[in-house]
Structures are given as C-alpha cells and as structure tokens.
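Each chain carries a letter (A, B and C) given by its place in the written order, and its residues are counted from 1.
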Amino acid sequence: MSSAFQPVLPGSAAPHEPAPATPKQVPHRGGTPNPSAAALQSRFPGLVRRVEVVWGETSVYIDGAHALEIVRWLHDDASQRYDYLSDVTAVEYRDPEQPIEVVWHLRSLPYRRFLRLKAELPKGAPLEVESVWSVYRAADWLERECYDMFGIRFSGHPDLRRILMWEQYREGYPLRKDFPLRGRFSRSEQLRQALAANPEARYSMEELTIAQAFEDLPEAMRRRLSSGERTGE
Amino acid sequence: MATTKRTVEVAVGTSGLDGNGRPRRMPLTVTENGSVATIEPPPPIEPDLVGEHMLINIGPQHPATHGVLRLVLELDGETVVRCIPHIGYLHCGFEKIGEYRQYNQVIPWTDREDYLNSIGNNVAFALGAERLFGVEITPRCTVLRVIAMELSRIISHLVWLGTTCIDIGAFTPFLWAFQERENVYNLLERWVGARLTTTATRVGGMAADIPDGWMDQLRHFIKTFPKTVDEVDRMLTKNGIWVGRTVGLGAMSAEEAVNYGLSGPMVRASGVAFDVRRDFPYLDYETYDFEVPVGTHGDVYDRYLVRLEELRQSTRILAQAADRLPDGPVNTSDHRVILPPKHKAMNNIESMIHHFKQVMEGPRPPIGECYVPVESPKGEKGYYFVSDGTAKPVRWRIRPPSFVNLSAIPKMVEGHLLSDVIAINASIDIVMGEIDR
Amino acid sequence: MGLTPRPEPAGTVTTYDPANQESWVATRLDFLVNWSRAMSLWPMPFGTACCAIEFMATAASRFDLARFGMERMSFSPRQADVLICAGRVPFKLAPVLRRIWQQMPQPKWCISMGACASSGGMFDNYAVVQGIDTIIPVDVYVPGCPPRPEGLMYGIMMLQEKVRRERMADTALRHEMEPDPRSGLYIPPQAIDELSEPFGNSVHQTRSGL
C-alpha cells in the first residue's frame, strides 16, 4: 500500500533498446542470433555443440551432462539474467537414428530475450539429464511431465514420479514414437488396469507420513521416509 | 452437586479480532442448564492432540476445484500445513494426437484443450503454424484475430468471475457473467457457427469472414458490456465479505512469481508487468492503446482487481480494432497453405492441384521449429512445433500456463485455512483441460 | 457384427398381458411417482471439460434448468438423481466415475452428455475411455461437441419421458448392475472391445495410417 510501489518492468536492463514490435517477414534461416548464444560459446567453449537460428529463434545445442551448470550461469550472470523458465520438454524424431532432444525455453524478462537450449540424448544410453529445479521452481512439474511422457530421468529432482498418468501405469511412456497412438493393450485391458489402479486409494509416500497408516508401515520403510526419500518408479 | 463443565470455545463478537485478523477465542464454561458460569483459562492441550494432523482429500470430483483436480491437504485443525496436488484426471493425449494429424486438422484439438479460450487458442495455433510455414497473413485477418483474442479473453475472465464468486459464496455474479457470455456466444455463432469450440482459424487465414451486420452487433456489445463490469465492481470490490475472504491470501512476491514460472494475471498481481502482448508482441498489439494492470500485493484480491481491469482493457482494444478493420481478403493468397476459393479450384488447374494436395495430404512446412507465445487469459500460452517437412508435426507441444501456475499452489496455501484453499485455487484460474492435455 | 445381447435376468420381465392388466390405483400411483421423479431430477454434474461449460450455460439464465426442477445441483452423489457426465473421461478418472455412480442411491439415471462421454469422441487414443457405457449404465446419450443447451434440454426431456414410462411392477428396472468381481468390469471384455472398436482391434496402427 506504499506510494513508492514500483512494478517490475520487463526490459528494465536494456532501456535503450527500441520498444518490441511484431516480427514481420521472419526468415527461415539466417536471422540475427540472440547475443546469449555468443556469450555461451565464449563462456563454455567445449559444451556448446552448435547454434541454429530458425524462424528468428536461437537454439543452442549443449552437452546434456552440463545442463545445470549452463542454466545456472544463464540465470545468475548479470549480462544474461534469464530469470523465467518458460518450458521444459522433449522431442523425439520419426527417424529412429536421431537422438531425443531435451528442450529448455528460457526467457530473460529484464532483457526481453528468448533462448532455446537443447541437449541431445542418444537412444542407446539411459535417458538422463540434470534437473534445473534448484534454479527454477517452475521446472518441478514440467520435468515430471517430461519424465511421464518420455521416460527421461531428471537427476536431482526432489520428487520425480508420474504426473499425468497414474503411478502404476504399465503401458510405457506415451509420447515415445514406438508407443502406438491407442496404447499397447486392448481397450478392455486398459479399462481393467485403470479400474484396478484406483489412484485415490494409493497415497504417495509423502501422504502416508501424514495419515494414520504411517504406524503400520514396516520399520525399514518408515526410516527411509523420515530420511526424506520419495517414491519413484 | 458438581456441575458438569463443558469447555466451549466461542468467538467473542465480531470486533474481537486479534493481530492476525482472526477471531479472538475466549474459552467459556457452560453449565448444564446452559448458562455461562465462570470464565476459566483453557485446559492444557493433551499431548497427543498436538501434532496429530489430519489428511483431507479434496476432489477429483468437487464443485469448487474447477475441473478434476485432486488436492490432498495436511491440516492442523483448520490450518493447512501441506498441500499435495494431483492432476492428470483429464489427460487425453492431445500432444500425441497432434503427431497423427495434419496442421489444419489439429485446430479442433486446440479448442478443447483450454475450452474457455477456444478461439484464442485457435489464433495462437495459427500464429505458430504460420511462422513455421513462413506465411504472412492479411491485414484484415490480423485485426479479426485481435478481435477474436480479446473476445476470448473476455469470456474466459467471465467464467473465472462467475465460478470464483460461486466458490466464495456470491451466486448472482455467476448469472450476470454467463448472460454476458451468451452475448459473445451470439457473436461467435454468427461468425463461425459454433458457440464454444469454434475452430475459427486455418493456417494462413480464418475459416470464415465475418458476416454482414456483425460489426454492428460487436459495437453494441462493446457499448453494453462495461455496464456489467461496473455492476460487478460495485457489488464486490468494496464488499466486506469479499474483501474479508480474499485480502491477504495466497500472496506471492515478484521474485517468487517469476521463479515459479507464473504468467498472466497471477504474475501481474504480484507486481511484475509481464504481458506477452507488450514484451513479445504479435498481431500488431504494439499499435493498440491499452494498459496492463499490475497489482501490488499478489494476493487473491489483487488478482481479482487485475482481471476485472483486464475486462475493461479488452473492451478498449475491441473498440479500437472495430474501428480499424480494413477491407480485403481474409485468407492469404498463398494457396500452398490455404485452400483456394471454390471458383478458382473448379476453373484453374493450378488451384485444383493445390486443393487436391491440401485435402489429400495437407500443407507441408519446411523443416524447422517454432514457438510463438501469446497472452492467453491464463498466462503465457504457446505452441511449440517441430517439423520434419511432412504434413504432420513431429512434435506439437502445448505450453500450458495453468499447469505452471498451479504448481505454485502448495506454496500459496501453506498456513491458510481450509476455506482459503478454495479461494486461492479459484484465483489461479485453472482449466484442467489445459493442465492435463 | 452387432452386439451380443445380454441374458435377461430370469422371471423378472414384465410384459403387457391384456387379461392381466394393472389396476387403476397402481397406474395412478405409477403416474404420481414417475411425475414427481421426472419433474425434480436433481443432477449430479460430473463435469470434466467443455461440455461442463455448456452445462453451466444451460443452468444459467438464458436456458434456465430451474424450469425443469434441476437447478439444485447436487455435488454429493448421495443426494442426486441423475448423473450427467459432461466431458471426456480419461482412464485415470474411470474409477472415480465408477465410485460416484455406485454411491448414488436408486432410483438413479445417467445422461452421457457430449461425444466424448458417449463414445470417446475425437479422442481415440491411449488415454480416454471410449464411451462411459463401458463403466456405468447410460440412459440417454446427447451427441454434440459440445451439445447446444437446447440439445441437452432435449436429452433431459427424453430422460423425463423414459422416467414417466417406468412401472413399479417391473422389478428388473431398479436392479443395480454389479461388476464382475474377478475382472472388475461391468460388461464382459469382448463386449467392451466391440463397443470401443467397432471395426476391429483399434490398438493396431493400420487404420488409415492414423
């Protein structure tokens, strides 16, 4: 209620840039890259695989093993200040040789910039990448959904379990290309499994600590819960 | 003879509020015949009542969860200690289906996903797809899409208003809001034929141009709608019950809001003036004269004020768009992307081939990817397309604003009462269709 | 192909036998009971998606459901008469819908509102139940995506007509359908597959390449 309230204005870090306008006649390739791409290449020389500018958007392909380090630098550095995580998702191509890409959409509100980071995960190896939850709380559910739909594990995520499908879902990871559109089981089997799973009757470990059932759990499980372990797949 | 003493906690009048704004409770002792005997200090709380928290499950079927959301709450008496939300009860595989349909065939799915903002989603999809195809739309189409988006914003905020009022206890604004929605439904029905699930856009243009007399009807709506907004304002903004139930709840600071990825009225109520129409414009929004309302406290009351003001600003944009609607074709003339008009397809071999290829196979974009965000009534909405040159997308990702906004609910309800959970949940303006997709 | 008919429960079907007509009192009693039931059906709106918004619009001022006696939405199934399933039902929600139906006391009816509730609608994929009649018995199907409020009201009036034609002498009418205890399914698996996939097992990908 103070008269000195100042709203946080996007673009505050770049006050001399012209006011943003609707992009017109955006070229397919060869547009101006986001200055952060060059900054990333100079700061992390070995970790940036390539930079592409498609339809005016800069995509930086990075090494997946160092994703957290790069994202943290982009968040903390004063010349980058990517304070807003728009999306975490994954892409699997129809060509089975191509790796699965994990995509981060980052936005810098002070500089009004948009950056796409991509990490390629080859299909032969386990699909794992670091979680950026410690940098952006927005990654919480976004990474859980990515895990649910693609089976990509985000190491360091506090509570990685299925979010859209029920936890005991057996058919697989739906958005993978080898997962058929209508699922792997017949309709009656899908129905039977869904009715048997009965998600409300199953509480997560976190919820069980609240309920009376905590006392009935075996000792080993209670110890694991008290030490902060979460249930996973 | 010993009197039976029952210790009863009673709120002392309405003026007895303590420093936290909660009713001050003074224990009274009531005798058998009902008269107040003495005032005694409360007995010490028995040890095993302390720390025994209750597990309560709200949903997934519940009138106040705005869809099929399940909240598991840990309560200490009436106060929420922890909240664990469960979603996925409306997961219908939108993104998977998008990989099996041509670009124009995906548009009906965008209606159903955020069903309160159907035509807005259609526009968002078309913007992203047109960027992916490298097609420019006509000036008339641009202005029509602005009209569509603002109408969509109005009807979405009206549903939010109606359902939030019902949750908090006021029934009448729900009827007012839905009556105004009927007026917009009349407009949409005359334009595209459907009330709710409009499928109004195509890649490169719109499904149909506006009929004659439509602009007059729109102008009539622009004239009469602000009266309803003022009526709601008069009823709620300074209403003691409304203020008492919404002020101070679920506050998020500006840094938290940005870090949690909140967008739309949620982040604007917390003092961050992030509006995609201003900061990453599309459809020539920078040429329209409108204000972006920003709240000061980030609580439920501020979100209400922000959305109410957005209703007014949307009406303002509608008036400007109605005045500047240019003549000309609605659809682009690039017939590799959009169907040619029938008379050309029947008389001109090139148009006939375009028509054939588009109907049989669908328009094919170049290899690439694209993400064009728009300001939906819920927040930053965008469709991320990845194309491999075929008629069906390789990946169609929906960036769901309500999904990310809802993930902040455990943070927002901690320490509040059970009835506040309902108010806070209502203030996020969630649509489960968008959250679960 | 067609559906294999379910066997009728033995000895409980009433047929009209002119020599053995019901008495005038019984018919009047039937009329009274059915009239009071039909004219005050309290709906339980199991609204999930877009159809729920059209349901709300039907309940609002313009298409007022109060004139049918249905303005008292009962969100507790224990006090409801009609379950209006408005919206798509994914598999995760199926046990919830089943439990809500089981919690409703007889007499109860069900309206499946919209294409998605009736048959899975446009969502022929891994996640959506292909018609809620695989889980609960449905009385009236209202097509549309979403159905117009007038369409929903027509469906409600059809249900009212159905209620009015009930007879107390028909003991099979309020028979609670129990699921098979082993499979947990309400109708046999072959019937479910037939209902969901009229042209064969649709979990194969070969149908028109989709």
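Before moving on, here are some points about what is shown:
Keep in mind that, in the parts below, a residue touches a chain if its C-beta (ideal position, glycine included) is under 8 Å from a C-beta of that chain, and two chains touch if they have at least 3 such contacts.
What you see is a predicted model; the values in this text were computed from it and never measured.
Among the remaining chains, A is positioned farthest from chain C, on the basis of C-alpha centroids. Looking at contact counts per chain pair, the maximum sits at A-B.
Centre to centre, using the average C-alpha position, chain B and chain C are separated by 30 Å. Taking each chain's centre as the mean of its C-alpha atoms, chain A lies 22 Å from chain B.
With each centre defined as the average position of its C-alpha atoms, the distance from chain A to chain C rounds to 41 Å. The set of chain A residues touching two or more other chains comprises 165-166, 174, 179, 181, 199-200. Counting only residues that touch two or more partner chains, chain C has 92, 96, 125-127, 210. Residue positions of chain B touching 2 or more other chains: 60, 88, 91, 93, 96-97, 100, 436.
Against chain C, in their complex, chain B makes its touches with residues 60-63, 67-68, 88-93, 96-97, 100-101, 108-109, 111-112, 115-116, 118, 159, 162, 174-175, 178-179, 181-182, 185, 195-197, 432-433, 436.
Within the complex formed with chain A, the residues of chain B that make contact are 53-55, 57, 60, 70, 72, 74, 82, 84, 86-88, 91, 93, 95-97, 100, 131-132, 134, 136, 254, 256, 258-261, 271-274, 278-286, 294, 296-297, 366, 368-371, 373, 380, 382, 384, 386, 388, 390, 394-395, 397, 399, 403-404, 406-408, 436-437. The part of chain A that touches chain C in the complex is made up of residues 165-166, 171, 174, 179-200.
Of all the residues in chain C, the ones that touch chain B in their complex are 46-50, 52-54, 56-57, 60-62, 73, 75, 87-88, 90, 92-93, 96, 100, 122-123, 125-128, 145-146, 148, 210.
The part of chain C that touches chain A in the complex is made up of residues 91-92, 94-96, 98, 124-127, 129-130, 134-135, 183-185, 189-190, 192-193, 196-197, 201-205, 210.
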